[in-house]
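Read through the structure below, which is laid out as C-alpha cells, and then see the notes.
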Amino acid sequence: MADARGLVKRRAGARLWLSAGWLVLLVLVALFAPLLAPQDPLMQDLFAARLPPFWASGADPNFPLGTDSLGRDVLSRIMYGARVALSVALIAGILTCVIGSVLGLIAGYFRGWPDVVISRLVDIWMAFPPVLFSILLIAVMGTGLGSIIIAVVVIDWTRFARVIRAEAMSQGAMDYVASAQVSGRKRFSIMLTEILPNVMPTIVVLLTLEMGIAVIVEAILSFVNLSISTDDPTWGSMIAEGRLSIHQAWWVLVFPLIALFLTVLSLSQLGEGLKDRFDPVLR
Amino acid sequence: MSFLTIENLNARVGTAPILRDVSLSVEAGEVRGLVGESGAGKSMIGKAVLGTLPTAVEIESGRIVLDGEDLQALKPRDRRRVIGAKAALIPQDPLTALNPSRRVGPQITNRLVDILGWTRADAGHRAAELLDEVSIPDPERVMRAYPHELSGGMRQRILIASAFAAEPKLIIADEPTTALDVTVQKQILRLIRQMQARHGTALLFVTHDLGVVSKVCQSLTVLFGGMVLEDTRVEQFFARPGHPYSAALLAATPKYTDPDASLTPVPDAVIAGVEAEIEAHDRMHGHV
Amino acid sequence: MTLIRRILLRLLTTAITLFGVAVIVFFVIRVVPGNPVAMMLPPGATDDDIARLKALYGLDKTIPEQFLIWLGGVLHGDFGTSITTRQPVLSLVLSRLPATIELSIMALVIAMIIGGALALTGTRKRGTKVEGTIDVTNGVALSVPDFLWGLVLILLFGVLWPIFHISGRISPSIDLPFSTNFYLFESVLRLRFDIWADLVSHMFMPSLALAIPLAAIIAQLLKQSLKETMHLDYVTLARTKGYDENHVITREALPNAVLPTLTLIGVQFTFLIGGTVIIERLFSYEGLGNMAIDAVINRDLPLIQGIVILFALIFTAVNLVVDLTYAALNPRLRNG
Amino acid sequence: MSDDVIYEIENLRLSFPDMAHKPLFGAAPRIEILKGIDMRIARGDVVGIVGGSGSGKSTLGRAMIRLLEPDSGSIRFNGQDITHLEETALRPMRRRFQMIFQDPMSSLNPRQTVGSIIAGPLKLQGFDRVSARVDQALDHVGLPRRFRSRYPHELSGGQRQRVGIARAIATEPDFILADEIVSGLDVSSQAQVLNLLEQLVRELGLTLAFISHDLSVIRRLCQRTMVLYRGEVVEYRDTRALFEAPEAEYTRELLDAIPLPDLEQVWA
C-alpha cells in the first residue's frame, strides 16, 4: 500500500507541475504579448492569406503558425487572445466563486429559510439551459468583457452554491461543530472558522474548474459572434473562423483549439493537484 | 479431526508483513477464539481462509487446509467452490451484511441453488427450517421481507441461519456481536454456540473481547502484529495466561464484579517486549 | 416518506420552478437595459414605427401586465407568434424538438454504455494499471467540455479521416418519406436503414461530443459507488459463498451502486441537453438549440421565451422521472 | 444542601419530528426520546448514565449541556434555569459545562492543529495566558507539548481522545459530560483513558457525567449510576448498591448479559 500511495503522489505531483507550468507560461505570454508577438494581431494582408505553419512547404518564417484567411498571424492572435481568456478566467472565476460559495455556506450551515430561498433559486437556475442563457444575457446587455463576466457569474454561481451547500451540511453534522458550540463560539464564527476551512479544498477545486468554464464560455460566445468586439482577437473567434475554412486551412482551427484545450485541462488539474499537495489532511 | 489447519502463513502489504508464520488448527466441533486488538491481524486470518483478502494483501507462503483440501494449491475457481461448500462467514455488521435490494429468502438459499445445485423448492424448505431453528417466528413472512424491515438482532439470526444452510465444516464468525446491544449480544452468542454444538461445526471466532471468549470458546489464539503469541485452552488461559501480553490484556479488560481491581493498561514494557519478538522473527526470516 | 407524498411534493416544486423560469426570462429580456423594440427594428426606424410595433406585440403595456397576458396565453397553449417567421411559436418549437430529443437520447445511450463499461472494467481490474489508465482518461474527458470535444472530433473525423458528415442532420439529397420529425425512430420503424445510416453518420459526432464528458462522469461516479459497495459485508458474504468476481460485481454490488448514481446522472443529463445548444450550432444540426441561437441573434422575443420554457420543462421532467425511478427502485421508499 | 447540587433536572421531555411520516402539509408527528427524566447531580459526583441503543442516553446528555432544547420540564444548572435559554445567554456560561465526544475523529476539526483545538474554547471565553493553559492541559492528559503542532489524523485513537479531554478541562469547567468516550478504543487504550479520567476527577475535583453502554466501565468510575430504558429512568442509585442488588428487572438483565472475562460466570 505504501508503494501505491507513493505512485499516486508522484502522479499528482507531475499533474500539478505540468498544469501550473502551462498556466505560468500563458500568463507570461499574455502579459508580454506586445513584446513577444511576431506580428500585429490585427494586421491583414490578403497576399499572405492562409499561409501554412512553419514546417510545411510554402510557409513564411514571419508567420510561424501560419495565417488565417485575412492574412493575420495565428501565433500573434493566440498570444493576444490569451489576454482575454485569462482576464475572463480570473475575474469571472473569482466572482462566481465568492458569491456561490457564500450562498452555499449560508444555505448549508444555517438551513431554515435562507436554505429554502437559496435552494429554490438554485432549482430555478438549474432549469435554464446555461449556454442559451448566457447568449441571451449577452444579447440583452451587449457585447464586451464586462458583459461576459456578468453572464458567467449570473449563470454559474449555482455550481458553487449546490456543491458547497451539500458539503457544509455534512460538515455541520460533525461533532467538531457541536464542540465549537459547547466552547461558546457564535454560529457565524463557527461557519467561518470551523466549516469554511473544511470546505476550502472543494472550493479551490471548483474555482479552478470554474476558471476553465469561464474560458470556454468566452470561446462559445465568440464562436456565435457575441463576445468582445469582432476585431479583438479571441480564441473563440479564431475557432469560429477556423471552423469555416477547415478544409482549406486546418491550422487556423487547430492552434487556438490546442491552446484552449491545454488551458482548460490545466486549470482543472491544477485544482486537484493543489488539493492533494497542500491539504494537511491528505498530505 | 481437524477441519481447518493453517501452517506458517505469511502475508504482507507491499513490503510490510501483516501475518507472520501464523499456524493454528480448528478441530471438528471446536470453537476457537482469535483474539487481539486492532491491527493484530485477527480478521486477516479469517479473510485469508475465506479468500476475501483485500487486493493489496499478498499471501507469501504457508498452507491453508480446509477439510483436507489445500486451498493454496487449488485453481481460483475450484478454491471458491470448495470454500463455498465447506466454509461460511457470520459477518460483523448485520445492518450491511444483507443486500438491501433483495428479499431475505433468496439471500439464504442462493448458495444452495447456484453453487451447490439444489432445487429452489428444497432450498426454500431448508431455509424455512433453519429460520425456525434460530427462533424466527413466521419464517415464510420473513423470507419475503426486505432487510430494512427487520431489526438488527433479527438480521443477525438470519445471517446465522444462512451460515449453517449448507452444513459447512467451518464457520468463521468475525466480531459477530460488536454492533449489538449487550442483551441482544447474549442471545446471539448463545444461539451461535447452540447451533455450532448441534451441527458439530468447527468455529473460528474472531473477537477483541475476552469476556465473549470466555463464554463461547474452548480454545484461543492470541495475536499481536500478525504473530501468534499464545495458543491455549480457555481454562488454562484464564487461570494462568502463558504470555505477558496475554496477561496484560486480561488485566486491562474491565470486570464489574471486581471493582477494586484497577484497570491496568498494557504496560509499555510488555509492548516493547512483543515488538522485540516481532523484530527478531522478521530478522530470522529476512525481512528488515 | 410515502411515494404519493413524494410525487405531490415534486410536482409542486416543479410548478414553482417553471413559474420562476418564466418570470426570469420574461423580465431579463425586458428589464435589463436595452430596448427590445429597438433591437427588433432596423436602424433608422421612426418613432412611429416603434410605437406601432410596440402596440402590435403588446409592449406598450406595463411589464407585469404583459406577463399576465403572456402567461394566460401559455396556459391555453398559445406561446405567441414568432417575429421572424410569423408562425406560432409552439408549432415551430415542436417541429425542431424531435431532432434534439433524438440527439440527446443517442448521446445518453452512448455515455451510459461507455461509462458503465469503464466503471465495471475499472472495478474488475482495481489496483492494476488498467484502473489507473481509466482514471487518467476519465480525468481528461471530464475536465474538457463538449464544445471542445466537438471541435476535436471535427478535426479527427471530418478532416483527418473524413468518414462522417460534419454538418446537418440529414443529407439534402434524401427524399424524406416520414410523417413525424423523429427521423431516426421512424427510419427504424419503416425499415429504411439507408436513411438510418445517413442519420447516424450525421449524428455520430455531435452525440459523441455530448457523450464524452457524461460518460466520464458516469464512469467516475459509478466506479466510486461500486468501490464503496464492494466493501460492504454482503458483498464479502457473497464471495465466501463461492460466487466469482463477475457475479459479485454485477449481481450483488451493481444494483445497489447504481441507485445513488442515478440521481446524479439525472442532473448531468440535463447538463447534456443544455449542451445541445452549442453542439447543434457547431455541427449545423437543425434542432431546438440551433433555432434558439438564431432566435437570439434575430431578437425574436416570443420564440426565445418559448424555447427557454420548453428547455426548462424538459429539464424538470427529466429530474422528476429520475426522482420517481429512484423511489420506485428503492425498496426502502417503495414500502415505506 | 441545595448549594451542592450542580444539576437539577425535572420531568424532562424531548422529542424529534418523524420526517418519515410527515404528511404533505402540516407538522410531522413527533417521536418522544426522553419521557420525563428526573435527576440530580451533586458537585463532585461522578454519575454514570447507561442504557442500550435507543435508550435516550446521548440525547439526555446533549440536552443537559443544551446542544438540544427540551420540549418541557426543567434543567437547572448551578441553580439557574437553562431549559430554554437562548444561545446568546448560554454562551458566557459555556465554559462551565464542557463535553467530551464519542468519536474524536469527528469531534476534532481535521484542519486544526491540536494546539488551536485546545486553545479554541480558552480564547472564546476570554482566558488569559492561553498558551500556558494549553501546555498545562496537555500535561494533565499526559500528552507531550510538542503535540501542539500535530493534526488529529497524525495521532492514534487514544491520543485523539486525550486531546478531546484536554480541550474539555482547559476552561476549568464545573461539569463535564463524557459521551461514550472509550467505546471506540481498544481495551489497552480504554484502560489508559479511564485511569486518566479517574485521576483528573481526583486532582481537579471534576463533576462528571459518564455516558456508556458498558456497565463494567461505569462500575469502575462512577459513584452513582442511572439506568435508562426507552427514554425513562429505570433506576438511579448508588453504583455499588445498584450493582450488588439491582432493583429493576431491566438492570438485572443488563448485568447478566455482560460477558465477564472469567469462566466462573456460566451462561445456560
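By letter and in written order, the chains are A, B, C and D; residue numbering begins at 1 in each of them.
Simple rule for what comes next: contacts are C-beta pairs under 8 Å (C-beta built on N, C-alpha and C of every residue); 3 or more make two chains touch, one makes a residue touch a chain.
Keep in mind that this is a model prediction, so the values were computed, not measured.
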Would you indicate which pair of chains has the most C-beta pairs in contact? A-C
From chain A, which chain is the farthest off, judged by mean CA positions? B
Chain B and chain C have mean C-alpha positions lying a whole-number Å distance apart equal to 51
Geometric centre distance via CA averages, chain C-chain A, whole Å: 22
Centroid of chain B to centroid of chain D, CA atoms only: how many Å? 33
For chain A, write out the residues touching at least two other chains, lowest number first. 4
Going through chain C residue by residue, note those that touch at least 2 other chains and give them in order. 127
Where chain B touches two or more other chains simultaneously, the residues are 56
Along chain D, where are the residues that touch chain B in the complex? 52-53, 186-192, 194-195, 213-220, 240, 243, 253-263, 265, 267
Where on chain A does chain C make contact in their complex? 4, 120-121, 123-124, 126-133, 135-137, 139-142, 209, 212-213, 216, 219-220, 223-225, 239, 243, 246-247, 250, 253-254, 257, 260-261, 264-265, 267-269, 272
Which stretch or stretches of chain C touch chain A in the complex? 13, 16-18, 20-21, 24-25, 28-29, 32-34, 39, 127, 139-140, 142-145, 147-148, 151-152, 154-155, 158-159, 267, 270-271, 273-275, 277-278, 281-282, 289, 292-293, 296-297, 299, 304, 307-308, 311-312, 315-316
Sites on chain B touched by chain D in the complex: 37-38, 181-183, 185-186, 189-190, 208-215, 234-235, 238, 248-250, 252-257, 259, 262-266
Which bits of chain B are touching chain C when the two form their complex? 50-52, 55-56, 77, 80-81, 83-85, 87-89, 91-93, 96-101, 107, 110-111, 114-115, 146, 148-149, 159
